[in-house]
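One chain, chain A, appears in both complexes that follow, with chain B as partner in the first and chain C in the second.
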Partner chain A sequence: MKSSAGIIMKTALKERMRRKELYIIAALAILLLFLCSSDVTSITMNGEAVTGFKNMFWVMHALVHFVGCVLAVVLSLHTIPKEYERKNSHLVWVRNIRQEAYHGGLALANVCASLWAAGILYAALAVYAVAKGHGEVLLPMIPAFLILSLSISFVSLFVSVMSIKFPVMAAGIFGAAVMVFGVFHGMMELFKNMLGGLGGKCMSFFLFLVPDLNGIQNAAYRFATGEGIKVHLVFVMLFALWMVSLGLFVFRKKEA
Partner chain B sequence: MKLFKIGYGLTGLILLICTVITGSYGLSKVNQEIYKKAISLETDMEKMGFPEFFLADYKVRFYNGDCDYVVKGEDIVKQDPLLDVFVGTTIEAEGEYQVLLPTYEKFSALFDLLDAAGTVSQGMSEGSMVFTQNTYNENAHAASIWHEAFHAWQASRWQDDIDALMRRVNLGEEESREDIIVREADADTKAAALFREEMEFLKKAYHEEGEEKKEYVLKALSLADNRRKILSDSANAMEFYLENLEGSARYVESLAYRILEGEKAWQNHYLGEFHYEEGSSKYYYMGMLKGLLLDQTAEGWQRKFSLAEGFDGLLKGVCQEE
Partner chain C sequence: MITVSGLSKSYNGKKVVDHVSFTMREGNLFALLGSNGAGKSTTIKMILSLVKKDEGIIEIPGDVSVGYSPETPYFPPFLTGMEVLLYYGELQKIPRETLKEECGALLSLVGLGEEKTKIKFYSKGMLQRLALAQAMLGNPSVLILDEPCAGLDAMGRIEMIELIFKLKKQGKTILMNSHILSDIEKVCDEGIIMKKGKVLRRFTKNDLKGEESLETIFTKTLNGGMQV
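So, the complex of A and B:
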């Protein structure tokens, strides 16, 4: 099963490379780099322009994470439904490959593509850091990216799993909702407190289900800048990934 | 396949165990330390002289977004949230006044969001914040406990007077105290100019000695009298409330911070440049400054402090007596 999932993943990844998604991501990275390196930015916080390396790095780190999550949704949404649409799945069934291996391979390809995209954006951030004379963050940025990749992988895997069971539109909505709840976890908590009542209770429930993706982003940022992180957050994300991966076994397509 | 399933299941189990083990439950150690730190100031703060003002008398509720951790002495009890909002305040519960504030972790995390929403600057102008994300620390949180505890002390002694004051303010249903100040005090350019002038005299007085100090104080107080004649009764009542109730709480808070963080940090955060801004913050500052002036001129003033005459009455008494 392992090898068949690997072959499926490789094939799906190769197809990605042939498509133009990579150009769009590279363009985004260049745009980000341009925004970072510009002395005059329009980013303001608390009514004041955000300046200085640390502030800009923090803003850009959060931005890379957000864009990375959006790309994870976009890159992961169509892969599995398209396979079935093109009837590629039949070629797999005749080889007696199990559904979970097939879906697992495709989901892994989605995760890899999402991480690749996020990696390009993160590399742009690294270039900015070096250009600003802060090469010291370069080395810690490598493990920091691994921490950040947990969040991106979660979004990608969640969307992939949803796309097995639900139509593209529904999977996209679920994926976007989970991404928004995760990325703006703290803000949603505030909102929950404002809502109160049944709405607040429902919100509490969603916030319990969706891991704090922004917490992971913050942990990665803190690691890159030499501050300590809470290992609990990392384990929560790993466990959340494991839980979502169960969907690969639970959700099945009738066609097979 | 069987082996894969076992490995997969085991991985999940190990991750679950790690998640549970590394999680923190109950009130975090940080908040417990903050509470202990605040309580450890009791002896020093008692020397201030506000009669029967002991932090240990009040329960402190740390709200973590889901529940309140109610702390008194060594006891920590988890309870349903009383307000379910992130706010630092004094609240009447279980037949007594209690201190309510977010846990340190929540408060720190909120700074990010508030900053992004521009609420920090709003909070600073309203007087509810003197710190930014970079300067807020555990000692500042401990000092905030003292601020709110002092409100609890005020409420337990002067609730009737406070109610009478607020009846004079006569806030509408949709109105906040900020609205009254902005509309009736800040909008009056003459009153605003007098306020600026009063602050200048008070600051000069703080740095002067002897007779000159008294002269500056008296000049400031005479300007305050002039302001009162210009403003409406509701604006006067609101100003009195903010200057004396919030200003004295800021005075207590600043002294707690001074003990914990030292002279330099205290001066940076509490005695920085004064800038006239719309909203309540200026009254917090003015009240605190008047408290500090009384420290210089009238030892033990805290025992006489009441809402009957407020800071101005005490200062007048001190400066006019020969």
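So, the complex of A and C:
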């Protein structure tokens, strides 16, 4: 016998996969990747044009991660609130399903949909690597995607949990803030050092709370290109995922 | 079968259900009537434990199972009717071996058949029928129908009432809430008329056998404000 959360997740995901929005968003993101990688545009870092496969692959990898995180926020923000808005929840409660199973199933569907969208982007990145004659990264890209998926899953789960407790607007702001602090963790560290005083202390606090999503992205990149990775980052991320998932049990939503 | 006594509910200090009491008898169709804001839907939601009651007692025997059809049913638009029923059936823990067969039979009963049409192409009437079908999953002894004819055209209403009548004949106990008095009159055995959360009048099928139609009784009661 399947668990209630599993049944809810399966159905919510099936519904998601049949919608066109997921594919339209992914297609637009691929187009963006294509534009960034083509000769039409040039990417510069510190005033110098990024050239060579390795540098370009790093930039594209970071871009896939960033767009994947944005998609995770977008795809996860409305699912739970809309269930309540449309009173779908009533048909679930009358079947004696607990809130945590219901929310858990919907949040898992969000995570899977976000990973699916990120997977499409990652596949586009793989195509880019092959097109540039670097097929050797294909195989390590598979476990690298698993590492990257920790970051995407965290953003999706965080937004899903926030949408249980807070209104959509607030959940979106929290999700975007965590995403920005996480994706630009390194940059924020520099900014914190520049700030000092109360602002610096606040930044330190946020950076302590928000996991280093950029570190995970770097770890995935390093794995894909055959370099060593810092395993503790992966464990920290798994711990962060576990912490956020506790919100599914702690937060309760009132009927609209 | 289901007994409600002294049921009350307030929102922000305003009483929306005020000491409502009634008993639903086995095999009967019990009607909750009243204008908008009379407290009918809140009463139904309290019976289903979807809304917490402030006071009162709701007695539902342990062996009684309840199916619920909401007022404005919404189902995932990219699923088919069969997939929706399978989903709710699985949540109800109906054994997989019998579930598909049961869903097929229910879809046939409500006149939807096992078509592959996605919900997004369903008309309002088809959605109401599907809502009724999901309420009947697991063959519950009591059906609670919140405005089952809401938004339906004349033909849709006739078909829905015929369907409800058929279910009643099969022995289902039904609690139904509706604005459309002529529909209720055709099928109900007894009921209450509510206004501003209070029960103004109780009636039975026998009251409707005289010269007064349900509409007359309803209008007189609401205008007169008679309270029982």
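In this section, the second predicted complex is superposed on the first by the 243 of 256 C-alpha atoms of A that agree within 3 Å, B and C clash if a C-alpha of one lies under 4 Å from a C-alpha of the other, contacts with A are read in each partner's own complex, and residues count from 1 in each chain.
Convention: a contact is a pair of C-beta atoms (placed from the backbone, for glycine too) under 8 Å apart; a residue touches a chain by one contact, two chains touch by 3 or more.
Note that the coordinates shown come from a computational prediction; the quantities given were computed from them, not determined experimentally.
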* In the superposed arrangement, which partner chain does A:Asn193 touch: chain B (first), chain C (second), both, or neither? -> first
* Should A:Val236 be classified as contacting the first partner (chain B), the second (chain C), both, or neither? -> first
* To do: Check the residue A:Ser204 against both partner chains and state whether it touches chain B (first), chain C (second), both, or neither.
  => first
* **Touched partner set for A:Asn88, first chain B, second chain C, both or neither** => second
* To do: Look at A:Asn55 in the shared chain and tell me whether it touches chain B only, chain C only, both, or neither; answer first, second, both or neither.
  => neither
* **Doubly contacted residues of chain A, that is, touched by chain B and again by chain C** => 1-2
* Asked: How about chain C: which of its residues touch chain A in the complex?
  -> 45, 48-51, 66, 68, 70, 72, 74-79, 83, 87-88, 90-93, 118, 134
* Asked: In their shared complex, at which residues does chain B touch chain A?
  -> 1, 4, 11-12, 15-16, 18-19, 22-24, 65-66, 84-86, 109-110, 112-113, 115-116, 118, 120-121
* Asked: Hey, which residues of chain A end up touching chain C in the complex?
  -> 1-2, 4, 7-8, 11-12, 14-15, 18-19, 86-88, 90-95, 97, 255
* To do: Quick one: which bits of chain A touch chain B in the complex? Just the residue numbers, please.
  => 1-2, 45-47, 186-187, 189-190, 192-194, 196, 200, 204, 230-232, 235-236, 238-239, 242-243
